[in-house]
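Every chain is named by a letter (A, B and C) in the order it is written, and numbering of its residues begins at 1.
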Amino acid sequence: MTDAPPPPSLDEMLGLEAGPSFDVLRAPREFFADVRELVRVARRTVHFTITGERRPFAIANQMYEIGYRSAAFLCISMGFIGMIFVYQAGIQIRRLIPDTSQLGATFLELLVRDLAASICALLLATRVGAGIAAEIGSMVVTEQLDALRMCAADPIDYLVRPRFVASLAMTLVLTVLAGCVAFLSGMWTAYAFFAMNPRTFADASLVDFGDVAIGLTKCLAYGAAVPIISAYSGLVTRGGSEGVGQATTRAVVMSSLAVIVLNFVISTIGYSLFG
Amino acid sequence: MIRLEAVTKTFERPVLRGVNLHVPEGSVYGLIGAGGAGKSVVVKMIAALVLPDGGEITVNGREILTMTETELAGHRRNIGMVFQNNALFDFMTIGENVAFPLRRLGRVGDSEIRERVAERLSRVGLAGFESRVPAGLSGGQKKRVGIARATITRAPLVLCDEPAAGLDPVTSQRIFDLLRDEQRKSASTVLMVSSDIDRLLTVTDRIGVLHDGRIVFEGTTEETRASEVPLVRQLLNGDNDGPL
Amino acid sequence: MSDLFTSLGSFFIGAAGTVGSMGVLFGRILSRLVRLDLDGNELLTNLYKMGVRSLPIVFVTAIFTGGIMVVQAAPTIERYGAHQLLGWGAGFGTLREVGPLLTALMISGRVGANNTAELGTMVVTEQFDALRALAIDPISFLIAPRFVGIVATLFLSTIFADVLALVGAAYAGLPLLGVEPRTFYDGLTSGLLGTGDVLHGLVKSVIFGVVMALASCEFGMTTEGGAPGVGRAVNATVVVTAAGIFVVDYLLSFAL
């Protein structure tokens, strides 16, 4: 316990500025430590969801926040996506075969199975994920989180759980809603650009149980992953308001990545099961 | 009431290097020292919000470092805490903020909660503020709400982290007097951290001086004022030259 | 009811104002670029910083996206026995749409948001004013290099992502559909896809980059209200970039 300054770090000894090359070893280690903590948070969230005290008002409040603030953005984006997808697909198919009759059916199948859930989740990760991380992050840096713990209120129960439940429910609702919007806008695009009869387009014959199951699973998986990852980013905020900004962007990026990875995993499993 | 023995803590660099501290029951203890010395860390450790790297912390005869989560919750229920930045919940009204710790205790009925909230708010001079929100209050008002919230459960231990930070001299003195008054009425034990040493000394019984990660001086307020230790003299006089 | 119209109206007016400012900013940046009036040091620093930040994200996203495209196309391929066409199917989707779009969205979260945060923090700590007081043009010193940095990063990342996604798809095709990488490659180059499709995607990525750079710099520079203001600016950047990318994608899909 002397007053000597701490020994020089490896970087200092080599006369190098701390650059990304030396972070290569640190980053994966930190990443896995993060993942372990994240899993802990996830487990406790689910635990409180099942066993915690009933606080319906908090959940309803969060559902309103998520639903109201994102619905318009989601529907407009999905409307555009429906148009773009049907247009691009139509052009390409016509290069191959003149018959575009399956366009609507294929589009609907893809929508149900993947597109609606995944794209909505990516957009929600941007809005909702950033919002959750910012709210919880601010509470951390203004010591409100400490104050909660002092009153024997578990922050995960109080803050994360309502957002988790609300996100599960609203992701499902919003996905279905936005999916309908996408389908309708696709229908209009097919009519306007390929003179396709809307009735031909509105063909649900290719959608089977497997597709619905996969789409639903994705909805629930995304709806669970985004709030937990974002809340975790908020909870580990360090360093004042700058830290809150960093937490926000980290939440958005990590949630989006999680959506993509989950998409691949669920799609592959679904394909092997249902074909 | 509170005893710290050989407590150490390192963040990027060593902050606490072996703190020995004793707060007698029923007294007002002031913790002073230069900025960044680690005073807030000591307070958070007593509240078990931060864990030390080494040493022992005993509160009311119980070693808190070996407590389970459930026991810690019980430990925290016996503490009221005033935070440096108030830490009022900005998603609740003032009334709900003050009521929150009481509600968390679980054994108090709604009407009694309302009565006690009203009593606390008028005690701190904010009668009728129940339905207002933290965002609309001045710094001094927020501090007073924080004190109301910290004292509503009549906890035997009250921790104050910079209770007068950022307040004008008159309001600062009022806050300190209020805290001292509360302590006399409830016979609780109070630990206060403050950079406003002059005003702090007007309400304390004992003082501890934290420097370079250790308590270098501990004594009654009078002993502190009369002390010949250069570091203590420099802190009290606000001099430029000296050990700091 | 009138409340709804008021808020709708003010939303559109605000949006129009923002788009207008972005247009003005674009003009100012262009005038500097044409004269090659930008700080070389800052340009290199930003290119390096943004590139390094984007690499891991683009890498992971692209490979998984390639795999996803194969899995999604799989039922249709199986149904029509069109294994030869996997290369073509994955190719056109990736090159024309998914590549540029997804890359832009992912990079927006990293590079766009970070840029806004940096600029915003500079504004609220008065560093911007300090530059002006030293008679240094903030646009050519700070903004133009970042603009070029973002556009270049997005362009290069899209190329990188396209290649990776197709590689990912090629190797996903084998276990999932029994399509050999060789067959995949043939399908890709069979002539149904042309350089036109590649260019379509690349032009998109450049335009997305412009949108992202303008939004990010605009919101960064107009930050106000201290630290919470920076947070709001970052949020605005991410949302406006995403919305702008979708709108531009829509317009470009029909124009090109």
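Just so it is clear, contacts are C-beta pairs under 8 Å (C-beta built on N, C-alpha and C of every residue); 3 or more make two chains touch, one makes a residue touch a chain.
Remember, it's a predicted structure, so these values are computed and weren't measured experimentally.
Q: What is the minimum number of touch steps required to go from subunit B to subunit C?
A: 2
Q: Based on mean C-alpha positions, which chain is nearest the centroid of every protein C-alpha shown?
A: Of all chains shown, the one whose C-alpha centroid lies nearest the global centroid is A.
Q: Ranking chain pairs by how many C-beta pairs touch, which one is first?
A: A-C
Q: Can you compute the centre-to-centre distance for subunit B and subunit C, using the mean CA position of each chain? Integer Å is fine.
A: The mean C-alpha positions of subunit B and subunit C differ by 50 Å.
Q: Rounded to the nearest whole Å, what is the centre-to-centre distance of subunit A and subunit C, using the mean of the C-alpha atoms as each centre?
A: Using C-alpha averages as centres, the distance is 19 Å.
Q: Taking the mean of the C-alpha atoms as each chain's centre, how many Å separate subunit A from subunit B?
A: 41
Q: Can you list the subunit C residues in contact with two or more other chains?
A: In subunit C, nothing touches at least two other chains.
Q: Mind pulling up the subunit B residues that touch subunit A in the complex?
A: It comes out as residues 13, 17-18, 44, 47, 49, 73, 76-77, 79, 81, 83-90, 100-101, 104, 212.
Q: Which stretch or stretches of subunit C touch subunit A in the complex?
A: Within the complex, subunit C touches subunit A at residues 52, 57, 60-61, 64-65, 67-68, 71-72, 74-76, 78, 85, 92, 96-97, 105-106, 109-110, 113-114, 117, 121, 176, 192, 226-228, 230-231, 234-235, 238-239, 242-243, 246-247, 249-250, 253-254.
Q: Show me the residue ranges of subunit A that touch subunit C in the complex, using the header's touch definition.
A: 20, 73, 76-77, 80-81, 83-85, 87-88, 92, 95-96, 106, 109-110, 113-114, 122-123, 126-127, 130-131, 134, 138, 240-242, 244-246, 248-249, 252-253, 256-257, 260-261, 263-264, 267-268, 271, 275
Q: Give every residue of subunit A touching subunit B within the complex, in rising order.
A: For this pair, the touching residues of subunit A are 1, 3, 6, 142-144, 146-153.
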